[in-house]
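You will see two complexes here that share subunit A, one where it goes with subunit B and one where it goes with subunit C.
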Partner chain A sequence: MYLNAWLAWSPEIVLTLAWAGMLVCGALWPRTHPYMRHATLAALLIALGLAGLVAANAHSLYGLYFSEAAKLDSVTTFGRLLFGSAGVLVVLASWDVHGEENAVEFFGLFVLSLLGEVVIVSGQNLLMLFLGIELLALPTYALIAIHKTRARAIAAGLKYFLLGMFASVVMLYGMALLYGSLGTISYVHALFPDPSHLSAARLGVLQFAFFFLILGLGFKVTAFPFHFWSPDVYAGGSTQVVAYISTVPKVAIMLAIFRILGPAFSTGYPIAKWFLIAIAVLSMVYGNIVALMQDDVRRMLAYSGVANTGYMLIAIIAGGADSQAALLFFLVVYTFGNLGAFFVVLGMGEDRHITIGDFDGLARRYPVLALAMGCFLFSLAGTPPLAGFFGKFALFKSAVAHGLPLLALVGLVTTVISVGYYLKIASNMYGDLVQRDLPEGRAIERIPVPLRIALVLAVTATLVTGVLGIPLFLGAL
Partner chain B sequence: MSAVVGLREFLVLSAVLFALGLYGALSKKSAIMILMAIELMTNAVNIALIAMSRFLTPGLMTGQFFAAFIMVVSTAEIGLGLALVLALYRRTRTVEVDRIDRLKG
Partner chain C sequence: MHLDSLLAIGLAGCVGVAFVLVVYALVAILAPKRPNALKNATYECGHEPIGGPWVPYRIQYYAFAIIFLIFDIETAFLYPWAIVYRKLGAFALAEMAVFIVVLVIGLVYAWKKGALKWA
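Right after this comes the complex of A and B.
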């Protein structure tokens, strides 16, 4: 059993060792700083390989570990692989930006926060969830603040930190109440039990606690009333960090919410369920409409993230195995689409705001970059040949299958709205192929090779998920 | 009127502390004061956890351990928070949150 535990958690052990090694080497030998990025990339690739090996030996390694504190199953493996691949892309995108300066801090913190995400996804009790969220969040506060030139980045980091801590404490209060009403913090068998076994008073406390818990978690996934920090923070931090915090942490916490609520939730807790439905609907409507009005592309992507949170919540509200499959698929689509879109913004220049006008005539001047951006945008929008379409289709189908046709309808209508702002960029990029006298957008410096590789990988991932989505789609018809 | 201090009294204390912290976190302008208010809320959570652990599941110590972890994590948080406050203060000579907001650009 001991050997099994070492093998089963080898990807995390490798990452922890890499982090510790980087910290020690960086402190003792400053000359190693330029190699931190290589070390991070190597550690991530090794961890990905090990995660694959563990998944290949699922029958002997999957199960509960550490006194039922962590669970290794297909969802954990999914998380490991997705976070690892996203991590590789972010390291490639940060290759030149953090090659020398702040390399130890940047890559060390980055690895720590990836570890936090695996803790969140594999955790089986509220303590693990709390520790995972803090391990994820504390490095990201610092990552936002690390920026060569801008005081604004530190201000954004401090703002993110204060609001994030506030949300964590509110979530903790919810956890304390949950513990008080249930007598346990474990959710090995789902946290929310069948309500018919609970007294009315306990049920009341439980639903009350649920509000606090969702307030805290909703902040982290930028769901509607708790999203207000995201546009400012996204506009303040450096682009590759923002690309990271807008995707991977959200995915991890969504998976954790799915684990926490469990099968009894969708039928037994009407008030809490309506609360979630309200959040989902408002996120979709508000996120998409406000995104339509943005000029700064990073702010637009922040609001598009709010809207996408709403879509993910649809699967969580619906519950059930088919919704889980839909959620996992959509999370992959969202991760690569969003990372890619931010990487294109990064490629267009780091030093100032990138507005929608900057995309004018991009297709003529930088056809490959424009094609990549088009691919990400249309995937995020959910246009048929690309992955996003199958993701949203699966989500809406699971909502209809679980008796929530109106929720699916709201999703559909807001998706149509969202096409508006995604298309605005696309039409700017390709507009002057039709009409010659449009103004020039901004010139782009040479895009570094690692970022190019990251873009190619993100496009490939989007296309491959799209192709993989076709059988899923046909099977559902 | 019983003189015994029971779970209810601890939970009321916890709720009052939490509400005080909530008020402080939402009303104060200085980042330091907000940090302190959030610490107050954290300690309210700790009191609630320990009281529930003592009165509801006395044999298990779950709440006590949870509270111990929260204390460790919140120490780390304060370390990071003060570092951020200092870094910002060196550049802008202010720790007031609403003035930081105006530093766009």
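Right after this comes the complex of A and C.
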């Protein structure tokens, strides 16, 4: 029994030991600072391998652990593998960026936040969810402001911290109300019971609880009315950190929302469902329209992230096994597309805002970088040969299959709008191939080799998921 | 439907807000106001005030407070553990060892980074 638990959670144990080792070595021997990145990369690769081994022995290791507080199943494994791979890419992208001064803090906090994400995904009660979200969020507040000399980063970190703590408190209040009305915090079985078994008073409290819970979680995934922090934080933080917090934490919390609400929506909570539908629709419409007006690329990607949250929420509202498959696929597509787009921005220079004008003529001067950016943008936009198309197709199909054709229609229309701003960058990059004498964009310093590797891996992941999506697409026809 | 329960919550909210407003209004109307220099001065435990309270504090207070808090929680956690220790045996010992090792790692880090230095 104990041995099984050690084996089942070995990836997390490896990461925890790596974190502890890095913190102690870094504090005692400053000479070890340049090797923190190697240690993090090694720990992540070992953890990924162990996660794969655990998945291979699913029949003996999958199940509930720690008094039903954590569940090891295919979703947890999916999370481990996705967070681990995204973590490897982020470490590669940060290879040369972080000087020896901040290496311990950067990589230590990074590993801690990855652990928090696994807690969120594997957690089976609201307490684990809250602890996981805090373990994830507290390091990311510090990571945003890791450059102590950059005023913009400090401001972004402070804003993220204050608003994030506020959202956490609201969410905790919702959890307390949930516990008060249901008498349980565990969602091993469906957290929300059949509404016909509940008294009217309890149902009323439950809807308030639901509202606060969604408010807190919506903040973390940048859903529409709670997204307002993301453009400023994304524009102020260091790019590789923003690449990370715009993707992996969102994926983790989306998976947790699916665990909690998936069963609830199959039994039906009418008012709560409309609340979530409103958030999804507003996120898609607002995110895409405001993204059209942005000039700063990081701000544009922030609003594109708001819109993508709306697409993810479609799967949660639809509920059911096919929606879960669609959501997982879309999360992979979004993670690598968004990471890649931010990595290209990182490659173009860290020192100032990168605007859409900076992409002028990129294809002629840096054809490979432009090709990579084009790949990420068209995947995010959902253009047919790339992964994003199959992701969105699966999401909209699951919405139609669960009787929500209007939601799919909104998704479709806003996707068309989103092509506008993704295409704007692409046309800037490739514009001067057809028309000469356009203004020169900005010159780029040499892109470090690890970042190149990260870009190649992200492109590969986008293309491979695209190929894997074809059977999904054909099977649906 | 369950509108009556929502009504109850809404009423409770209204009464809560109204109570605060009424109390503040009563204070504004009823309380006698005879300010003088001594009354308006900053309260410093009965001492003569040296200056206003709006001065920048050293950031070290904050670091010290956090480290203090960690060990505060550790103590609070150790008491119930000591009571059930005999019942749980070696398992409890191992669990507490892990907990304290994690805390010590944090302390070593903070110490080496100079968080305990008043400089």
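Operating definition for what follows: the second predicted complex is superposed on the first by the 470 of 477 C-alpha atoms of A that agree within 3 Å, B and C clash if a C-alpha of one lies under 4 Å from a C-alpha of the other, contacts with A are read in each partner's own complex, and residues count from 1 in each chain.
Methods note: a residue touches a chain if its C-beta (ideal position, glycine included) is under 8 Å from a C-beta of that chain, and two chains touch if they have at least 3 such contacts.
Note that the structure is predicted; figures quoted are calculated from it, not measured.
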Touched partner set for A:293, first subunit B, second subunit C, both or neither: neither
A:409 touches, of subunit B and subunit C: first, second, both or neither? neither
Which of subunit B and subunit C A:449 touches, first, second, both or neither: neither
Contacts of A:27 with subunit B and subunit C, given as first, second, both or neither: second
Partner chain in contact with A:204 - subunit B first, subunit C second, else both or neither: second
Overlap of the subunit B and subunit C footprints on subunit A, listed as residue numbers: none
Subunit C partner contacts - residues on subunit A that touch it in the complex: 20, 23-24, 26-28, 200-205, 207-208
Parts of subunit A lying in touch with subunit B, wherever the complex brings them together: 126-127, 130-131, 134, 138, 141-142, 145, 151-152, 154-155, 157-159, 161-162, 165-166, 169-170, 172-173, 175-177, 179-180, 183-185, 232
Subunit A partner contacts - residues on subunit C that touch it in the complex: 1-2, 4-6, 8-9, 101-102, 105-106, 108-109, 111-113
In the complex, subunit B residues that touch subunit A: 11, 14, 18, 21, 25, 31, 34-35, 38, 41-42, 44-45, 48-49, 52-53, 56-57, 62-63, 65-66, 69-70, 73, 76-77, 80-81, 83-85, 87-88, 91-92, 97, 100-101, 103-105
